[in-house]
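You will see two complexes here that share chain A, one where it goes with chain B and one where it goes with chain C.
This part shows the complex of A and B:
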């Protein structure tokens, strides 16, 4: 028996190397290589005179500002995807709704407004958590339904009007503070949202990789039934993913509302699909349980670069949507194919 | 070669011949330069431990791989079997271990899939019924209404419908992968009669199985694979089961069944009048620390349901469970795990393992709370436990970063057991712990079960494998139609007595 074992061990060593190199190339560096590719592409296009002002401080800042917002939303939604529940389609309305709530509550001062806003964000997260975690509603259908409910509430309560922080705030200072959520820059350079994003990335990466919750989430995402049979409270684990997503969406909502200086039902439109695209490009499979926050950040960077280059090229918004959709399809397809060739027949 | 053999050679044409075929997966050479052939009108059995390459070889014939190497010859010319369509075109039909029928559709829709007869643009209902019945008659199911849905018929009938579906395409070669794994003894007999008739009609049949007695009943020749290589092909009359086992495992199995009882005095688990209406009723028993308590029953006797209700996966309608003398009523499976009462599922692929994660993730999942401090999870603390378990269960390859889905069935089952061994359970309910597992893995799993009992775990062993049940258990409870009908001590238990009791006969 011991003879058999030694022979087998030798064999397995040779085999193991093959898989790990292939796997590593696919998983960790892939997305950042793509980011560098687009950066180089931009520079080449600029040097050929096809686009202007790509490699300028202002433009790089623009890209960063743009990806910051997307990043905040995407790293939270990544938990939903990681849990094997695809995406939270209620993110755009959560952003709009919490933004409107915050503007409305500025009449009581800045800090009270923030607290109330996050309570509302938490509430939305809990509603999703109960419906999808506990009652196992289909995540896409449920969150889409929530979109309509939230939109209805906004239309009824605010009579379909836009609301402005400078009219509602109890003092000019309050409205300035609100404006500064997006505009404040440390040392005049690093924006507050970017700092928030970096903190989020570090914190959520830690949660996903190093905590008890993260380990249980991974198992739940990869095989929900098996996780449940292993004694994991999957209802709680899945619910928490939606709560995290709703809270980052709230943060995103505050930022985007501060940016536009208006509480408006269409703030945040498109962030659902952009976030999913970034997540999937970043190597997090829709089937759940695989990928990382750092990968998602890479995906966000790539999305920002693509958007920026397309805008500089003068491609219209509709065409940009089309291109983004196409990229999504290609990435999901390639993802499925590479998994299959590794002997994992799911995507 | 005797004169009889020569005669055989002449009367049988070779239907399919594989010459030096190989197939490599990332990380595994699953089939390594194998020669294999099957003749018309014969049943050629293909056996080997899990991971020996049987299923890969079969999938190759079925056209599942477009990158195998070597030649496949049918008749006198070389054929390419790179896609399932090419295989079908060459007259090859597969019957898989798991049912591949569409549950919500009717029998006829399944049997005639892709070639439903039409009248103009409408389906020809009458002709559909006729053709389906014709196909069903070949497998002895002529009495079934072709309009029944698959979910309305039994698993055994489903298996036969699958064969009928395959026969409908007039195949030359029929490949059966573990066709009897879900069938009762009686149903197996019926299947063999059908196989015998098909053989007479000139079909070449490749038959994959774990069960050696079956091979001797049904096969004409047998080929043994081990670690992706062919060990040998023999006429069935030339071999004995001992010889086949030796070829399969490469070692002798003399000390296979010799286990001691490690039961201690104190009572670990007591079940009083437990019922889940419609599944089991009024079940009472108790188990000691370190005892292996077997539960035997035919399928549908309520064995698995009992196990699932004990740990809180399914509801209970009446009765109490006491764990170490205290009443125990888990609201959720996680509570049961916290209290050391765990259930090893019989469906390892859907309920047991995360196939896309590696051995480490799957093994340590049961002790995530223990490995966490203040919510921070340090999986490195589990490495020692993990290495110990991989070693004890000889999980192959011994690499914790291997994706579980890429392991063979036997090794997957070992990982599943390792998961529960890691958390050192007080009570471990094992539901078919060695189903579909080869002899080597089975021996390892049995040794580990015994070791667990020795360390004080109470084992409740639910199994259809009678030798396993009889040799491992210190007592066997017989379940029949949801009730415990007999409590047999070790001395009373033989394979025959247990089986008779499960069938409701007095012994």
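This part shows the complex of A and C:
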């Protein structure tokens, strides 16, 4: 009798699974449900006459153009989050630094400049890889420290000056090529950064889902100790994630510098927060090992849609900050809550 | 043989635990001997004055580290409180606006704490989001302009806060020092204070021992917000102005000081007084750098470099510790001696 009772109690004590509709939606469609929601919101607002020109080809292309830069940075940083190491806060300064290096090196021609820039990006990635991968330094604090070291170097070497590609490049052709990194358009429509982003998405999604490295990364992100005990070289796996992040940040730095046509210390400011937002609302949890590149892309698209709708509504930049921060906290909270109620705890 | 080794190790551990005092002494002596015009009352007062704000804010931040959380929003809370304290003065006077500013800081901390404990969102996310939200709020409130006061009574308060009452010490510095000592005693000498260490050291054990860990976490976030508010508003009152970049550099400065002072981010270790000495050390160092005529650029570089070096050092120590985890190095050593 008493045995029966305990069994019954145990059964009713099984982790209470409360599947809310929202949790279900978040789980099955992920971020794209939210993207569709904002798309519909935009269309509704347009049909009510509150905003104009939302559902036009030009505006849709504008949204894509606006988010390509963020996308390039975010898909790389996603690897760091996926490996369970929160975020790489040094992305903004890496962008500024590599941009400045590239402008400075344009004096040797376009191709040498690109090569040297990527070498510097690789160097930053390797420094992070050694500190965080091998010696297990705290990722946030280490990358914050690196931010200030890099800022100091930029300020000391370039003396707080902005540098312009037009003055430094060895020929007009070189500076034109540099300007075209952001401005070149295939068939007059599809921009080069968008093509770079699509290639990156395909390549990195393949790496994350289909390769041995991707599987190892997932295991490392989900349970680092277990991964290391099962013979995975976690030091290399984590280090590699930071190298990938630094390389995509370099690509982002080149693009943003080409966009503004000036090498400047504040070129990448804000991309750390934006990228983390996109990654986390894209369903990649900070605990690591969960999420996908496609989710991150969805997160980036949602960010673009929110920005676009807010701008069309005439909301100021600073109020946009407030709204973006609030959405960020709420979405992460809801996501964590739905995961917890599904029994997939994420601490 | 073995015993002597152990004694040496104990000495080394003791030195490592109190390393910040040695570093401070070294930096202070170095600057006194070599930096031009360092050792005089005027310059040392400048040092204590500039350190006052960050010393106050660092109290809360150290407690955040002790319970094993992270608060990236302190920098913006400093600015937020300073802006509120000055812009509300017109309507309700300092008597009303200063408490309001401090309460506002505490309220932000309360929101952070509730989101971290009740909604169970990682403190990194919460405070990063809060930082963005507050930046938006600050710029919307001020329209992007610094707030400054120019009435006579505002300058009277400013003069009072900036005047020396003892050598090196102005009222603002005195407030900071009193609070550091009070919190230091509270954390080390009272049972409630010790509980904070327990929550940070091992949350599960603390909970099993009957400590309401959520309550302690929320209280710590409130203290952190309140202290950031106190630091920000007092600074703004002394300079009668609240520049919008007031707190931007504080975050990094305070993180450096806290870690150099020996408080680990994993929680359960460290102390408020050590952070205070670390802040004093950094301020002496920066002051010396400026006196050598090296400029702000070098200051930023060295600050980042020091933080990187300390983080790396901590990481390497932990790495070595982990490598011999489960092994008994003294036995291996003895075995080698026997073989020789």
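Note that the second predicted complex is superposed on the first by the 318 of 347 C-alpha atoms of A that agree within 3 Å, B and C clash if a C-alpha of one lies under 4 Å from a C-alpha of the other, contacts with A are read in each partner's own complex, and residues count from 1 in each chain.
Everything below uses one rule, namely that contacts are C-beta pairs under 8 Å (C-beta built on N, C-alpha and C of every residue); 3 or more make two chains touch, one makes a residue touch a chain.
These numbers come from a predicted model, not from an experiment.
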Which superposed partner A:135 touches (first chain B, second chain C, both, neither): second
A:195 touches, of chain B and chain C: first, second, both or neither? neither
Chain B versus chain C as contact partner of A:66, first or second or both or neither: neither
Which superposed partner A:230 touches (first chain B, second chain C, both, neither): first
Partner chain in contact with A:126 - chain B first, chain C second, else both or neither: neither
Overlap of the chain B and chain C footprints on chain A, listed as residue numbers: none
Residues of chain A that touch chain C when the two form their complex: 86-87, 131, 134-138, 140-142, 144-153, 155-156, 159-160, 273, 276, 280, 286, 316, 318-326, 328-329, 332-333, 336-337, 340
Complex contacts: residues of chain B adjacent to chain A: 25-28, 227, 250-251, 313, 332-334, 336-338, 342-343, 345, 350-357, 361, 364-366, 368-369, 371-372, 375-379, 394, 396-399, 401-403, 405-406, 419
Interface residues, chain A side, partner chain B - complex: 1, 4-5, 8-9, 11-12, 15-16, 18-20, 22, 210-216, 218-219, 222-223, 225-233, 287, 289-290, 341-344, 346
Chain A contact footprint on chain C (complex, rising order): 70, 115, 119-122, 124-126, 128-137, 139-140, 144, 252, 255-256, 259, 265, 296-298, 300-305, 307-308, 311-312, 314-316, 318-319, 322
